[in-house]
Amino acid sequence: MTPLNTALFVLIAPLASAALIMLFLGRRGAAASAVSVVTAALVACGALSLAFGGGRFTAAWEWLRFGSFAISIGFKFDDLAALMLSVVGVIGLCVHVYSLGYMSDDAGKARYFGGLSIFMFSMIGIVLADNLFMMFIFWDLVGFSSYFLINHWRERKSASDAAKKAFIVNRVGDFGFLLGIILCYRANGTVNLSALGADHAVYSRLIPLLLFCGAVGKSAQLPLQVWLPDAMEGPTPVSALIHAATMVAAGIYMLCRINVLMVPEAQSIITWVGTLTALYAALCAVTQRDIKKVLAYSTLSQLGYMVAAFGMGSVGAAMFHLTTHAFFKALLFLGAGSVILGCHHEQDIFRMGGLRTRMPVTFWTFTVAVAAIVGLPGLAGFFSKDAILVLALESNRAVFAVLAFTAILTAFYMLRLWKIVFLGAPHGESAQHAHDGGISLTAPLVLLAALSAVGGYWRAYPRAFEGVFSQIPEAQGATHAIVLAASIIVLVIGAGTALAFYATDGRDALEGKSRSVFGFLVALRTSFDTAYDYYVAEIQQRAAMVFNFIDVVGLAGVVVRGLAGATEFVGFGARALHTGRLNNYVYWFLGGVAVLWAFAAGVL
Amino acid sequence: MKPSLDAYVLLSAALFAIGFLGVLVRRNTLVIYMCLELMLVAATLALVAFSRFNGTEDGDVFVFFILTVAAAEVAVGLAIIVALFRARQTVEVDRLDSMKH
Amino acid sequence: MAAGNPWSAIWPEISLGCLALLLLVLETVLPRAAHGRIPLVSIAGQLGILVALAFNFDAPQRAAFNGLLMLSPHGQLMRAFFLISSILVSVLARHSLSWQRVPRVEFHHVVLVVAAAMMLLVESRNFVMLFVALETVTVGLYILVSYYRSNPKTLEAGLKYLVMGALSSALLLFGIVLLYGVSGSPGLAGRTGEAMQYAGLAGFLEANPNNFLAAAGIVLVLSGVAFKIGAFPFQIWIPDVYQGAPTPVTALLAVASKAAGFGVLLILVTEVFAPYAWLVGPVLTIMAAATILFGNLAALKQNNVKRLIGLSGVSHAGFILLAVVSAAREPMAIGAVYFYLYAYLIASFAVFGVMTVLAGPDDTEQELGDYAGLARESPFLAGVLACGLGSLAGIPPFAGFVAKLFVFVAAFKAGHFGLIAVAVAGVVISIYYYFGWIRMAYFDDEAAVSPKTAERARAGAGLTLGVALAALTLGSVVLGFYQGPLWSWVFGR
Amino acid sequence: MSAPAFDPLLISVAAPLAVALAIALGLPKRWAVKLAYAGFAVPALMALGVWWQFGSAAKETHGYAFLSRYSTGLDQFGIGLKLGLNGISLPLFVLAGLVGFAAGLYAIQSKAERMKTYLLLLLAMHAGLMGTFASVDVFFFYFFHEMALIPTFIMVGIWGGRDRTYAAMMMTIYLTLGATLSLVGLIAIYAKSGASSFDLMVLRDTLASRPLGEVTQEHIFGLLLFGFGILVSLWPFHSWAPLGYGAAPSSAAMLHAGVLKKFGLYGLLQIALPLLPLGAAHWSHTLAVVAAVGNVLAIGLVTMAQRDLKQMVGYSSVMHMGYAFLGIAAGSVLGAGGVVMLMVAHGLSVALLFLLSTSIYHRTRTFDMEKMGGLAQHAPVLAGLFVAATFASAGLPGFANFWGELPIFVALWNFSHVLTVTALTGTVISAIYGLRAAARVFFGPQSTAFAQVAAANPPSDIGWGEKLPALVLIATLLFVGIWPKSFSAAINRALTNTPAAMVASR
Amino acid sequence: MDQIAFISLSVLALASALGVVLSKNAVNGAMCLLLCLAGIAGLFVQLHAYFLAFILVWVYAGAVVALFLFIVMLLDMQGGRPWRFRAAQAFAGFMAAALLLVGLDLLAVRGRLGAGPNVGQAAVGSSLKLYAYQLFTTYLLPVQVMGFLLLIAMLGVIVISRRIGGAEDSR
């Protein structure tokens, strides 16, 4: 197969799988899962062979044309796409396999696997897209798959609300994204990623910012981050795949794709948005009790890192962190899934505890992931986070300071989580009887743990991703020392504090010891939701009611019915003129003749 | 000195107007009907005068038709009035308003 | 039919007159048991004349009786129109008279004479002839309107029609007298002794386009004609008289009498009063606008269907007036008038037919509520009614739509934009009551079906009337799709 | 030009009409239903056939294929039954065929009272629809539209839901006003062009060489705009739409909102824009502001406030028409192309939504969304279809609607930046109310009201009678969504070849 | 002489016409109508329309007014409500009459009629022979139609005024 055909296959296969499942396998869960997993495996193989096979190409077919405006479906397969495609393929396969175990008893299994296939299709579409319109199309489609999968447990109101919220918040981001694309098209005459040059047009400052709106939505940056924690209502493998590893990272990928359009002003804004998101999310994570939500805020925080990295001008650093993050965050989620499954769908960390012995595989792989995310030297997260810190140190001290502080927090809340969940004694009935899952659950954990361990040694990769990794900033001399020292200090402070501070007694030590700090952090976490809820309920809905009132009462009522009533009134009047009396009728004749005569006499 | 054409026409018009007035103000159907006849006759007066003064012929012939038609109308009209009186015991038009609005 | 003998030129009228006399003869000759068949003789005879007319349709334009009459293609068209009307009135009357205890043959006799007089009316080119024919029509209608003399309301309607009709005749007559007088005046240019002839009067008016007396005569003549067509403000008698008159007579009044008025008006406006367009134009324009609006508005909240159809007829008169007004500037408007009249004939008689079937002995009280549930009791009658009303409302695929379209086109070409706006408003208002009526027949949650309606609807229309109604409905639809034959009649010459 | 031996366009008009006639003449019910299947299927098959053949129909005259002409005796007025399809009418013709088929199937299985009359009216409406979009002659274009319009009113009045009488009257009067105004506008073109013909080709040729004066164009375009605008529920003349659709029986609502409503937009695109370019330019700003602020923004908010499912769908349809008006106002090939795509897509999706709303009603016994919830547990297929339809109408890529909205937005940017932003907010708004409705109806736990209904009448998932029409619609939506070129190529050809077409990409 | 005759006849006609309108009861009205017709007939004579004067008296005075009187007697309306002016209606009526008179005056003043000489030639209406010649040549058709008019009028009178419930009526 030529690379082009392979790419086509990789794109189409999940769609075919989804169509097959939706049309014919709707009630046959087992068959559906088999189809989906096999497809995922084929896609992973295809993706890796494409990435490492060395073929880099572009291709396009016209999709729609009106006048001079044309949209094509096309592939731009370069190192960046290859890297992303590999990540998607590998994580996708892991999650598919994991889902076999995780979702084995679910009634809506077929639907679930169909959804996964749709997601794979959409995500691969984003990765391969050669123009912004096509990217936008698949962008929306991943949003749809996300909605679909979050909403998997339909009878739960929370799930349905979360799914709705996710889609709508993403739509808000897409609003800017689409506007940006349109501007870009109008300014440059094309949105083809290869053709977009740096020749800056009228709206050059606006375009990157508007496009960034899309990333803000999809990658859940401030102020649109609210949907991601709620999205944890979906099945945990979905959280791993979509809301940790791939889809939320699509925003970063998209930014890297449009790197040529960036201008410094936009970049500084992007940097600060990313930095603040990283800090904010880390603060929120500290008070979380729900294991998945801790991870969700952690994801937010890490995405903030990536955005900041991109903002500071390094596609390499952003993508590098994206890759390593995909490994260890997927691992964290899948581990959390194991824990949740083991504890019979218990998600409150303070009802867990003592799982180290009961779930050894999970414990060890989870530990690797935690070590990776907090940046234990030698593991994947260490290298990628270092690269970002180096970048920050060189370009903006303030950002560096915030990011370093965030790293402390990261170490703090991750160790808190780790300690409360795995150490100590079990705090609940379910935790007592927890145990590791079957091979389909553990195998992905192990694979991802391995990747989390070694994923940081990018020089060890074949030269496939040279185009991306060559842009990773490398610290020299003093900077290197400072960053290295800083990260180690940060790690020690964060981890040490957490280990010392939190006991394994099933209660939140922070809440117990400092209610004010705890309360502040909780308020901080809920502030956005409170504000948005206020907006939706008090402003948007009221505006809707007011407009509805105007429409129904004012327009349809007063104006339309009023006009009709007035006409009817006149009608009654005209009817009443027929008095039935001859004399009155003769007056009509007289009047008519008089008027006509007046006409004839020229009086009228 | 002979009366002028204007005098005849004015007289005719006045008679026509009086007839119209009668139709307007009277309530008795029979009287209304008489007034209508008056209007027709008034028209014939003008017609004859025009015919005479202008020296044209058709007017006089027309009068014959008008009078004949009027006679026929009167016959039919009175028949209706009689029948109506039988049915309603009145010929006052302001009582004849069973159909209105 | 030799061209030399003037009597041969009016053979349809003569045939109708002879047929009318034949009916009386048959009534005296035939045994009483056979009297029930006499109306059928009338219908058959009229159909025969119609067929004969169709075969001799292409008559050349020529004058007859020293110019008293003018035979023209348009005259042929109107002859056919009146003949069809009288046939349909006879058909309706057969059904309607069966409820009444009144003489039958005389009714048909009078209808025939009236039809013949209407033909002469639109063919006449002389005011004496016009007046005589008009009075024949009017006196005939006096009789017909009050024919169901056992009903006081009918007699009341007869009286009202009588007084208003006589009044309008007097106005018309005085107008004619004025015109005659002024045109014979020796002091004026173009003096003529032939003023009773349209042509003579036209010549005089041509020479004196601003004479006040002539203008006064013209408006008086117009008001007399306006009474016939029911144009504002001479329409006020219509609801009362329509309500009280026997339904077939109402149909005759609404369709044939109105058409006769328009036939006369069209000739007067285009041939005689043309030099006075400065007067006739604005007068008729305002009349048309007021007529459309008043007719529709007054019909809006009307519950008695006979009054309703009368008032809707008023608005139709306004539409036709719109075409007549346009005729001064746009020749196709004349065709539009005739086409509209035919479409109106077809649709109206369909509706009147259904009304006749549902009327019963008391012809004068028919409420909209009586139509509730008609569609359940008799889908046929409801269908005929809906098609008829749809055509009256001017909705495709019925002939009424095409008619309205032509009127609009003509008015547009003539540049009467204000009138078009009024007409649009009229169309929209009219939809309300036409659909209100259809709604009554079809939407059955309005009211329970009255037992009276149910009984009549189930009894049905009978063979003759049923065939007629079916033919009318079919004609309405066919004319909506395929206007060819009628249009080439109207306009092909 | 004479009639070909096999004329698919005439057949697709005549077939439903013939069946309707047969039913009117008193066919027994059993046969009526069987024949009705044919009456609905034949146009659909013909539509698919011409769609398939359109690209290869080499014998195009003025961009029209499948031309035929039948005299109706008014040749001297330039009126004749001239049928043909160009790139703009083809998509709508196909739309009419497919939605008509779906609505017909749905009607047959609906077990409505007085089924024969219902089918008769629906068939008449269907014939009118097919004729409207197949007519090259403006007279018949209007004629067929009215022929389809009238049965709608009657169906609303007889088989409608709550407030049916008022709704039917209001709809009737409102739409008659719109239709009459547009008729006057069309007559104005006829009378003023000097072409003495209602034949669109002749009109185009005449006006291409001798355009009307600017003031005349402005007046006539204004007439057409308001006439057609009322028919398409241009704000503030939209009050009839939610009320009427709320009351209409589903098949009538499907056909009207899905297809018939497009008449106005089609008229603007096919007739008004090319014939009156100066008039269009004069009105475009007014139109754009009204459509963006009124239809999209105001009605979008109103839609969010709805509790009644069917009313909500009705309002959403009004809102989406705003996009179409914006595309027309943008006035370029791109905008016009987007409008045609949107018409097709919206027609399919709104018909689907009406169909599914009624299916929901049959299970919940109410249209009040507050009294629903959790239906997905009982009817997962229904839920899936509804969610798909919602996403389609919210403009999700993969469904045809996206290909309508995107070009319109792109085209609109050059017209007005502010209005583009306004219009884009609509994408968020439609997602909000769409998903909110889906969540309220299908997801979450059962509401107490619905639990009672469900206990009394356990809801089933949709059967084939409902599923088949829905699948026809959604399959077409997806097909066009995935392969937009199946229509856009023809549309593009027609738009770029129009002699008086406006300059692309202003 | 002519002038005096004209004035006296005019006054007679106008006064008796007003009498028709204002008379308290129908019999007086009919009598006034008769007087009025007599006055007009006199004017006809003055205009040399002897034949017309004759048939006016013959047809109207002899037949029509007699018929009126007969009906008035038949219906016995003497006891009926006497007619009175009612303020509003009367006012409206007289306003209307005034309007009409103004119109008629306009007619005379602006109509420019006065110039016409009283042509001496014999009017058609002056001799029966001339008159009949016109009727049976030029106006033959209207005369025929008039026959039908009288026929249906006769039939109509019979049909309408015949007693209800006669044997003729039932089928």
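Letters are used for the chains, namely A, B, C, D and E, taken in the order the chains are written, and counting of residues starts over at 1 for each.
Everything below uses one rule, namely that a contact is a pair of C-beta atoms (placed from the backbone, for glycine too) under 8 Å apart; a residue touches a chain by one contact, two chains touch by 3 or more.
Everything numeric in this text was worked out from a predicted model, so none of it was measured.
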Set of chains adjacent to chain D and to chain E: A, C
Required minimum of steps from chain B to chain E, each step between chains that touch: 1
Chain occupying the middle, per Cα centroid: D
Distance-maximising chain from chain E - centres being C-alpha averages: A
Pair of chains joined by more contacts [C-beta pairs], C-E or C-D: C-E
Chain whose Cα centroid lies at the greatest distance from that of chain C: A
Whole-Å separation of chain centres (CA-atom averages), chain B against chain D: 64
Where chain A and chain E are represented by their mean Cα positions, the distance between them in whole Å: 101
For chain A paired with chain B, centre-to-centre distance based on mean C-alpha positions, whole Å: 96
Centroid spacing, where centroids are CA-atom means, of chain B and chain C in whole angstrom: 26
Where chain E touches two or more other chains, by residue: 89, 92, 96, 100, 103, 106-107, 110-111, 113, 116-117, 138-139, 142, 146, 149, 153, 156, 160
Chain B: positions in contact with at least two other chains: 9, 16, 19-20, 23-25, 27, 32-33, 42, 49, 51, 54-55, 57, 61, 65, 69, 72-73, 76, 80-81, 83, 93, 96, 98-100
Sequence positions of chain A contacting 2 or more other chains: 575, 578, 580, 582-583, 586-587, 590, 597, 601
Chains touching one another, given as label pairs in label order: A-B, A-C, A-D, A-E, B-C, B-E, C-D, C-E
Residue ranges of chain B touching chain C (in the complex, touch as defined): 9, 12, 16, 19-20, 23, 29, 32-33, 36, 39-40, 42-43, 46-47, 49-51, 54-59, 61-62, 65-66, 69, 72-73, 76-77, 80-81, 83-84, 87-88, 93, 96, 98-100
Partner chain D, residues of chain A touching it in the complex: 22, 26, 62-69, 71, 111, 133, 136-138, 140-141, 144, 147, 151, 154-157, 159-161, 163-164, 167-168, 171-172, 174-175, 178-179, 182-183, 185-186, 540-541, 543-545, 547-548, 550-552, 555-556, 559-560, 564
In the complex, chain C residues that touch chain B: 127-128, 131-132, 135, 138-139, 142-143, 146, 149-150, 152-153, 155-160, 162-163, 166-167, 169-170, 173-174, 176-178, 180-181, 184-186, 191, 193-196, 239-240, 243-244, 364
Of chain A, residues touching chain C in the complex: 567-568, 570-575, 577-578, 580, 582, 585-586, 588-589, 591-593, 595-597, 599-601
Residue ranges of chain B in contact with chain A within the complex: 20, 23-25, 27, 32, 93-94, 96-101
